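For reference, the structures are reproduced in the following blocks.
Below are two complexes that have subunit A in common, paired first with subunit B and then with subunit C.
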Partner chain A sequence: MERVDAYPTHEYQGFKLRPGKPFPFGATFVPGGVNFSIYSSHATSCTLVLFNKGEAQPKVEIPFAHEFRIGDVFAMIVFDLDYENIEYGYRMEGPFDPQQGHRFDASKILMDPYAKAISGRDVWGKPPDWEDIYPYRSLLVFDDFDWNDDRPLGTPMEDLVIYEMHVRSFTRHPSSGVKFPGTFAGIRQKIPYLKELGVNCIELMPIYEFDEFENSHVSSETGETLMNYWGYSTVGFFAPKSGLAATGKLGMQVDELKALVKELHRNGIEVFLDVVFNHTAEGNEKGPYISFKGIDNKTYYMLTPEGYYFNFSGTGNTLNCNNPVVRNIVLDCLRYWASEYHIDGFRFDLASILGRDPSGYPLSNPPLLESLAFDPILAKCKLIAEAWDAGGLYQVGSFPAYGRWAEWNGKFRDGLRKFLKGEPGLVRDMAQRLQGSPDLYASRGPTASINFITCHDGFTLYDLVAYNDKHNEANGEGNQDGANDNNSWNCGWEGPSTDPGINSVRTRQMKNAAAILLTSQGVPMILMGDEVARTQNGNNNTYCQDNKLNWLDWDLMNSQSELFRFYQNVIKFRLAHPIFRNRWHLSNQDRVGSGYPDISWHGTQAWNPDWSDSSRLLAFMLNGKQARGGMVEDDDIYVAMNMHWDSHWFELPKLPEGKHWYIFTNTGATSPEDVWEIDHEPILDDQNGILLGDRSVVILVGKYSK
Partner chain B sequence: MAFSVTSKMLKNGTAEISLFGELDASVANEFKVAVEKAATEKAKRVVLNMKDLEFMSSAGLRVLVFAKQKMGSDVDIYVIAAQDAVRDTIQMTGFDRSVIMQDEFSAI
Partner chain C sequence: MEVIRSMIQDVNVVKLVGDLDGSTAPNVQAEVMLLAVPNVKMILDMSEVSFMSSAGLRMLLVLYRTIISKNGKVILVGLSEDIRDTMSMTGFLDFFTYLQTLDDGLTALSS
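Presenting the complex of A and B:
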């Protein structure tokens, strides 16, 4: 069938045109040509600018005639374009009146905010042409992809074990041995490793187009070039970063990332994206024009009454997320990743900004967050909020959730770190954290709590047990950057040590952290490399380090095989026991007549925990008959945590007739007896109690003897 | 080198298609036509000789998927002697799942 709108109706300088369709926004293939659609509430006119790929000057500039506008949308079809050799952009005319919020400048060529791929930073770290009149160029993209029957996995939230990684860091180190280091394709080669470790979800730090050269400068300390390495600064919301793709220089990053998602899904691993909607790379009035600033500054940014930029992100500007137009582009963006890339979930950086109104006031019912929570395309996506911002809003436990949003539980991180350190009086707090923080999420269940002890912000797990203080001199900011409240403890020496005693405590502390994290109710998140004691040499803010401080050293698999084995077994243990993975909070009562509450608390004496302010030890028992509210039967589990510097004997609660305690983990024991494989746990010699060494965690399984 | 494609049908039902030069959106249709011919002639397998193919763009990759879909799941598509850059591209973008890549053809 030949469409009646498949033919040109206008011509301009040899280019055949037709009035376009507003939907979808961006550049879309239509029969015979490309439909270009862009909107602006305040522009007076718009021109489409076309380049031959890589050329310095445009090949043509086609104004949007009056008949090519519907409402605030400029839409036009251009026929017979050489798709793979075109770069496009826009010039917008309008008032330049900063106090009114307008910064139109027709001398700038602007990138399409809906660009599905962008050129200009094709190869990571390759210096661009700084004189380029149009540095980030929108590309035309084939969005067809052979997914076969792939779809988002739909793994229940409570069953996830999340692994937070940076794409480049994961395989860039020379030791990685992959063919395409530091790229999406590189991750594919390491999928067997992820399966061996046992995680079933990876959370990728920013993968949309960002400028690694933003704020780049040579470090006065090391002479190295510092980059915008982490990428928390969006250039293009719809485009995967070309510099993170092996095929970036060929413009095939879209296919490469889709191929990665497809392969991960085939291996049962979900993919989450870290998304940054709180600010853009355009900075404030001194920053560059990339897109929004020249397309519709007043709409997209939160501005003060004088026309300056509000800075709730700490980075220069703040996206005006609850403006209806901006709300739509955020929604379009997430829908695009969910439907076109089959992404399983999103983690929102500085999410509290998404709940502020255009003047910066926190809203109790933010329209954007509500839209996201109820959107049909996003309905099965996991939504995770980093529930604070840089403007003083801290919403852990109070983020507007609409029953859908989970949160990075900063209280879990702080509580566990202090407990691990041996600070007294943490046991009451720990009791809440171990149960999935009912004090914060009573109406929501444990799956609202993303439990973590480390993430990209702050120390790695090894550094948490090797440094009391941060050492960020390599960042060139006089060690002033990065958090000061690390709640870390160096086990007796600052930094690397050859003392076997100190190293043994450090290894044990890391195992303690892993054991407690993975037996807590809620959703555990592990930082890339913690399973092999990755170190950043005490730098707790490596946002700018494109080097071995960030790159995962795969040789650690050999030197840290004991720790890796520990993680591997505990992850497997968690995934084998549904009792750890409840959707509802434990009641602390006996609801099925088993004779035991679903969770009970103990100390050195069974049934008598020490809740005092000087207490540094706690134990809990989970009743197997009440796993998942009694819907499945699991083994009984007993976890004892001694964070004191002395050994203590823990009296064990009695099990029902016919059941015995088997030992799964004792972090105080020497490997390979620190952890056992599931179904091969040895029976505990003395069923009445167990001696926990100083700073140790023990996990026992109560089951019927064979 | 300019793009060209030759094809022949062997007696055992193998369609042999050889690609030369640079394959991009402007010439991808010629490749597609050769695949369609193989489908019309009910080829039992398709062997793509890529020894002399210097470059394959996104559009070219899509003809590989088109070939798989057009020929059906019973027909194997072989990519023979792809040059390094072309082989890498096919692997990096995940299109290697649609085809069997070999240095020399040997039927599976």
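Presenting the complex of A and C:
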């Protein structure tokens, strides 16, 4: 039956119109036309501005008639649009009174905050037209992607091995050999590599539309153009970045990203997005008008009593996340990505900001975080907080979790780094970290802990063992930017070395890090390229570098095959042994009458760890009968860590009658005997003990002989 | 956009000439959909399609879904490298059988 609302009721300059529907916000296809809906609490009137694609001047500006407004929402249907060739925006009239928080300026054309795709930066790095009166343009998007039977994978949190990557960095390097380097399509072509490595989740650094030219300038040091490369500065929350799609110039970035997600899912790999809701690309009072600033500045941004922008993000402005209107757009946005793109999880950049009230104070019960935790559409999505912000809030262990939120465990990173470099006084701390940090997440379980030793912020793993200090000169800020507390150790020489001794310690240290990370309770996260010793030449803050400092060099797969093989095997080992993937904390007690605690602690003497401050050694044993709280039976596992500069003999705990120790990993041994294939581990000659070389990790499997 | 139809044995061969985009796709769809009778065998010859937009891709997929639902078969032939890449990256190619030439298509449908 034909619908009554398929017919126009109004006309403006030859365009046929009808009062629109406030819901859903944004631009939506309806029979015969497009429904445009946008809201503003303080605007007095609104005009829809339509462009033919790419043209400098608008084709028409249609004011929202009085009867097209319900509450604070302007809604109108425009009929007969050639939707592939339309770009749209709005002008808003309202007060300009910065002291009161209002910055309306009807001379600006504003992007729809709900734009599902955005043009203007279609091809990465292509210099934009700086004179464009409307540089980031909202596009209309089909939402009819054919998913077949795909849906988010729902891999249990404890079973994940996360791989953090930047879309462009992953395949932009000429050595990647993909047809469309640096794009979503490029990742798709490299899925076999991800499978070979064995990770089952990729976490994409920002893919919301951002402007790589934001604050771009030429480095006085290197002469290279520095860019907003990482993209932690959102232009549009609902739109994938066009310049990360090979088909972006055709406006097909939405389909390209969905096709990537679908193909990753088909290969058992989940997709997380790193989302930046703490601030936008509009900067402070000196920044550009893109969208929110001109639509409803006072609602969207946290403002000082004088009307200036709070800067808890360190980037100029702070999104007013606990204003009910802003809360809703964040929720709408995440629901959109979860339902339309089948995204499996989200990592929230500087998430502590999301828990501040409109005047900046931390809330004990932040409504936004609660809404996200209890939302039905997001119910199975993983939610991960970077539990701090640039305003001094540090909430690792205390982030308002509602039983849902996990955290990037900064204490795992710091503790493991210090332990690895041989600092004293770390063994007690490490005992917590290895168990999934029960000191931080007592009631939340180990899956609240995202364990990592490196992430995009800071050194890569190779640089962690090759540099004592950051070397950020290429960023053009006189090496003043980036963190100073890297807890790194260069193994005796700053930077690349030809000394085989130094290089062998470095390789061993990287293996040690991988072995400890992947045998810890909690959820491990690996930084792209650490598996092949990717270097940033000591730069620990490459946010602006569109070059080989960030791009993964695929030739490393050849030169670093030993390290790659090590990673591959320890990842497989983790996934083969449920004992590493407990949903609940270990009790340090025997809960099943096995004669062993679920986890027991050892040192050079079995059952007698040295907890003293001078100790740099620790070993633990996991009892196979108590894997996953006794729900499944696994082998016994023994992990010994010698972070001392001398070798030490570790006495082994006795196994139950009939079981023997087999050696899976010894980072002190030369490749290929540093790690073994699962089920091909050789039996340990001396079942009573093992000598650990200096700075080495050993992993043993206790099982019945075949 | 031109649609050239012919029958070769029992196969409907539809040759599209020109750009397949938002302005041409609806008409092409209306015309080609008439051929989507039960058990139809169809070849879409794309060798003279110079550009395909999002709307063009969607038209192809709707046609595919219709033909499959009627136990028919459809094969694409003559895709340019550009269009094949676009279709591949956006996931549309996954649905289709595509072959190099019209003869390849005819052979496949006759076997």
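Going forward, the second predicted complex is superposed on the first by the 706 of 706 C-alpha atoms of A that agree within 3 Å, B and C clash if a C-alpha of one lies under 4 Å from a C-alpha of the other, contacts with A are read in each partner's own complex, and residues count from 1 in each chain.
Following the convention adopted for this analysis, a residue touches a chain if its C-beta (ideal position, glycine included) is under 8 Å from a C-beta of that chain, and two chains touch if they have at least 3 such contacts.
What you see is a predicted model, and the numbers here were worked out from it, not measured in a lab.
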Worksheet entry | Joint occupancy of subunit A by subunit B and subunit C, clash or fit | clash
Worksheet item: First (subunit B), second (subunit C), both or neither: which does A:Ala246 touch?
Response: both
Item to complete: Could you tell me if A:Lys258 is touching subunit B, subunit C, both of them or neither one (first, second, both, neither)?
Response: both
Worksheet item: Looking at the overlay, what does A:Leu331 touch: subunit B (first), subunit C (second), both, or neither?
Response: neither
Worksheet item: Of the partners subunit B and subunit C, which touch A:Leu153 in the superposed model: first, second, both, neither?
Response: neither
Worksheet item: If you lay the two complexes on top of each other, which residues of subunit A touch subunit B in one and subunit C in the other?
Response: 82-84, 142, 144, 146, 179-180, 183, 185, 188, 245-247, 250-252, 255-256, 258-259, 262-263
Worksheet item: Which of the residues in subunit A come into contact with subunit C in the complex?
Response: 82-85, 142, 144-146, 179-180, 183-185, 188, 245-247, 250-252, 255-256, 258-259, 262-263
Discussion item. Considering only the defined contacts, which subunit C positions touch subunit A in the complex?
Written reply: 21-23, 53-55, 57-58, 61, 85-86, 88-92, 94-95
Practice prompt. Using the touch definition up top, name the residues of subunit A that touch subunit B in the complex.
Written response: 82-84, 142, 144, 146, 179-180, 183, 185, 188, 245-247, 250-252, 255-256, 258-260, 262-263
Worksheet entry | Residues of subunit B touching subunit A in the complex | 24-26, 57-59, 61-62, 65, 68-69, 88-89, 91-95, 98
